[in-house]
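As written, the chains take the letters A, B and C, and residue 1 is the first residue of each chain.
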Amino acid sequence: MGDDILARYKNWLIALAFILVFVGLPAWVGNNAYLMLILSLSGIFVIASIGLDLLFGYSGQISIGQAAFYAVGAYTSAILTTKLGINVWLAMLAGGVLATVFAALVALPICKLVHMFLALVTIGIGELTHQAIINLPDLTGSFTGVRAIPMPRIGDYVFNVSSYYYIVLAVVVLSLLVKQRIVDSRIGRAFIAIRENTDAANAMGINVTYYKVVAFACSAAFTGIAGALYAHYIGFISPESFTLDQSVLFLTAVLCGGMGTFVGPIIGAVVITVINEAIQVLGSYQMLVYGIFIVVAVIYVPEGLVGVVKMIQRHLLKAVNRVAD
Amino acid sequence: MSLISVENVTMKFGGLTAVDHVTLQIKPHDICGLIGPNGAGKTTLFNLIAGYYKPSGGTIHFQDHRIDGLHPYQVNNLGIARTYQNINLFRSMTVLENIMVGRHPRLSAGIAGSVFRTPAQRKEEKDLRDKSMEILHMVGLQHKAGETSRNLSYGEQRRLEICRGIASDPKLLLLDEPAAGMNTKEKQELVEFIRKIRDFGITVLVVEHDMKVVMGLTEYVFVLNFGKLIAEGQPADIQTNPEVIKAYLGEDV
Amino acid sequence: MFIQLLIGAIMLGGIYGLLGLGYGIIYKTSGLLTFAQGEVLMIGAFLGYTFFKLFHMPFLVALLATVVIMFVFGFVFEKTIIRTILGGGGSAIHVVLATIGISIALQNLAAIIWTSEIQQFPPIFKVEYLEFGTVKVAPESISGIVVALASMVLLHLFMNYTKIGTAMRAAAQDSNAANVCGINVSFSKGLSWAISSALAAVSGIIIGPVYGVYMLMGALIGLKGFAAAVIGGYGNMYGAILGGMIVGVIETMAAGYLSSSYKDFIAFFVFIVFLVIKPTGIFNEKIIES
């Protein structure tokens, strides 16, 4: 019981340390614009990965269609601000809300499916959303996309591509907090029970359908907000960013980071974003390397990098103990 | 004035009739046994009561509610809990968390409460932990509260599963072969534990193969064979019932 | 125009069916999903193109060579990558991700070897168009349908009338029992991936001459192969063919009579509807549901 409390606070202390590091980071790296780009994109990715982790890592529902929720969040916010002049903060929130509602509606008929069939239907949802974006030119601009998506502002101050980083950082911290609160609650326990043993969960009084839909909705809330953040950061969105490839990226991040853990989605999102940027130098070979990287990662690190981190921790502890003796 | 009433219930799986027009009543605060040879339909009957199957015919009433056809979670919400023949714990969760999940229907925190950590939610979680530890104390598992449940010994896992069952303060507890794989001492402790459960006001229906346990523990026994209820009564009478003996030992006795 | 559309629909349907067949065979023998079939189709098309156009082999020889190569590829893929993943503690989702990785790598490999431009098959037949009254049909479409049908018939014969095929079906139904009967279940699994790859390669050579060969040709087709498998009943051989035809017809008719940009939307919509309302498909294959 005492270990339980220490474990919980240990996470928060580490998190606090990280927060301080990240707040100071821009000044530290001399406001290098490219690094800031990677940090912001990583942060947005972390938020979306948290969403998928809640859905897959905790409630055990596989989704290879998260790009759909990402798109709903992005397009809602982009359209509300560019076409209706709505306040950016409100529009981003609306993006998250709409993504959540969309997910709840979609999840209701599909959540009874599991494993492979759920994977397939989520792919279908992702593709359908992608096609819908392309086929509604008056709303979404189809392939031309939505341009000149405005930056948010506080009073007279308009954020720019550098200071946007702090918005992303704040949302990442908030997301981690919310996720932890969901996980460590009656809701989270219901999710895990459903993942571990759906029949037993049902027998324990858990309305499985309800909680599965809630899991989808929560997942979309995070992913939709991430989409909205993405839209206003890049300033331009088109259907190309919301394809199956994007959903696969989210899945890769969560699997390679380590599912159902606190740091897993963070590690995975950062690693994937960094790798994505790093392989740009390979030019025409980059996707080949990326594909091979995925295969290698899956073969050698199936439980994710968190597993590797834990293993390193264990070896370190052993070494320390041996030295101490 | 029965707690639960199974009325003419039949369960067919394609051509196979697993439960055949079974009618039985259980009075509150009884410890009842459900026995019969392998394949007699005992677990199927449990699954019917618990809502896992919908009967092909007949009805089931629990405290004036009609429960056949309800989802398992709805049946649980009404006050029926169950354990499984093969232990069905949430293996990656800790011992304490398993109990806490068991108490799910008695809690009310939703998304908003959990995310915003309202005072009501905090109190509920604290009470939940206290109550769950109490339950663990009853079977001597409190020192293993933080242990991952898959690491427990077989006997401990069985005890944990029963604890998970009573965590929701049920009125009826269905135990499916709780003594399986236990030695004599463990079985004795189990019998005492179940008596304690009944003293809490919980009615118990036990499926068991060990006749000593059935004789020592139960006050009323139902006997199934090939899905039919072939006998019911006090344990001593059942022991000498010719139909029952024939069912277990075959025709040639 | 209807006849023209119908012929195109049947050809597409045949390809979706072949892919769906492949998915079904793999699922039945190993319970796994693969996302690389579309790219196997693409590589098959490129290989066929290379043999036929660049090496000047006769068409049927090129077809055979491609099929054999991709058959071996499928077998080796199962024995190496799939086995390693499953042996190292991975589960089905890891295999899924690995096949996605392979598909990405293959796409890029194709672009490197054959450039990212659309390559065209030279005409296989001496006639450019066959004419039936007012209907003009490219002979490649007809030959495509014939090849698809022949593949299906051959597969049916193999599965039902040969010892190996029957052994495969036994292994798919109950691998433990099959093992006890002396059937090499492990070989069976490798064979199933090999056959699926061969079917995808054939599909590539069917569609290559009609629509051209390019790096992204397999992506969407691969997904529609899933639709074919699901609609027919995932794992059911004849269901896959029927499902493929349904998808091919719906898609082609939608493109012809409504708008070509809606065809993918409609195809995926039907796919989702089936998954939600009748996931067991037309032939009622058992699936895992919660």
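We adopt the following convention: a residue touches a chain if its C-beta (ideal position, glycine included) is under 8 Å from a C-beta of that chain, and two chains touch if they have at least 3 such contacts.
If you're wondering where the values come from, they're calculated on a predicted model, not measured in any experiment.
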*Touch graph of the chains shown: is it line, ring, star, complete or other?*
line
_Most widely separated chain from subunit C, with each centre as the mean of CA atoms_ = B
*Kindly indicate the chain pair that has more C-beta pairs in contact than all others.*
A-C
*asked:* Nearest whole angstrom, what separates the Cα centre of subunit A from the Cα centre of subunit B?
replied: 41
*Taking each chain's centre as the mean of its CA atoms, how far is subunit A from subunit C in angstrom?*
33
*What is the distance in Å between the mean C-alpha positions of subunit B and subunit C?*
50
_Among all residues of subunit A, which ones touch two or more of the remaining chains?_
208
*In their complex, what parts of subunit B are in touch with subunit A?*
50, 52, 71-73, 76-77, 81-82, 84, 88-93, 97, 100-102, 104-105, 107, 109-111, 113-115, 117, 121, 124-125, 145-146, 164, 168
_Residue ranges of subunit C in contact with subunit A within the complex_ = 27, 33, 81, 84-85, 88-98, 100-109, 111-112, 219, 223, 226, 230, 234, 261-262, 264-265, 268-269, 271-272, 275-276, 279, 287-290
*Across the complex, what residues on subunit A touch subunit B?*
1, 3-4, 178, 181-182, 185-190, 192-193, 196-197, 199-208, 214, 218
*Which positions of subunit A touch subunit C when the two form their complex?*
62, 64, 109-110, 112-117, 119-121, 123-125, 127-128, 131-132, 134-135, 198, 208, 244, 248, 251-252, 255, 284-288, 290-295, 298-300, 302-303
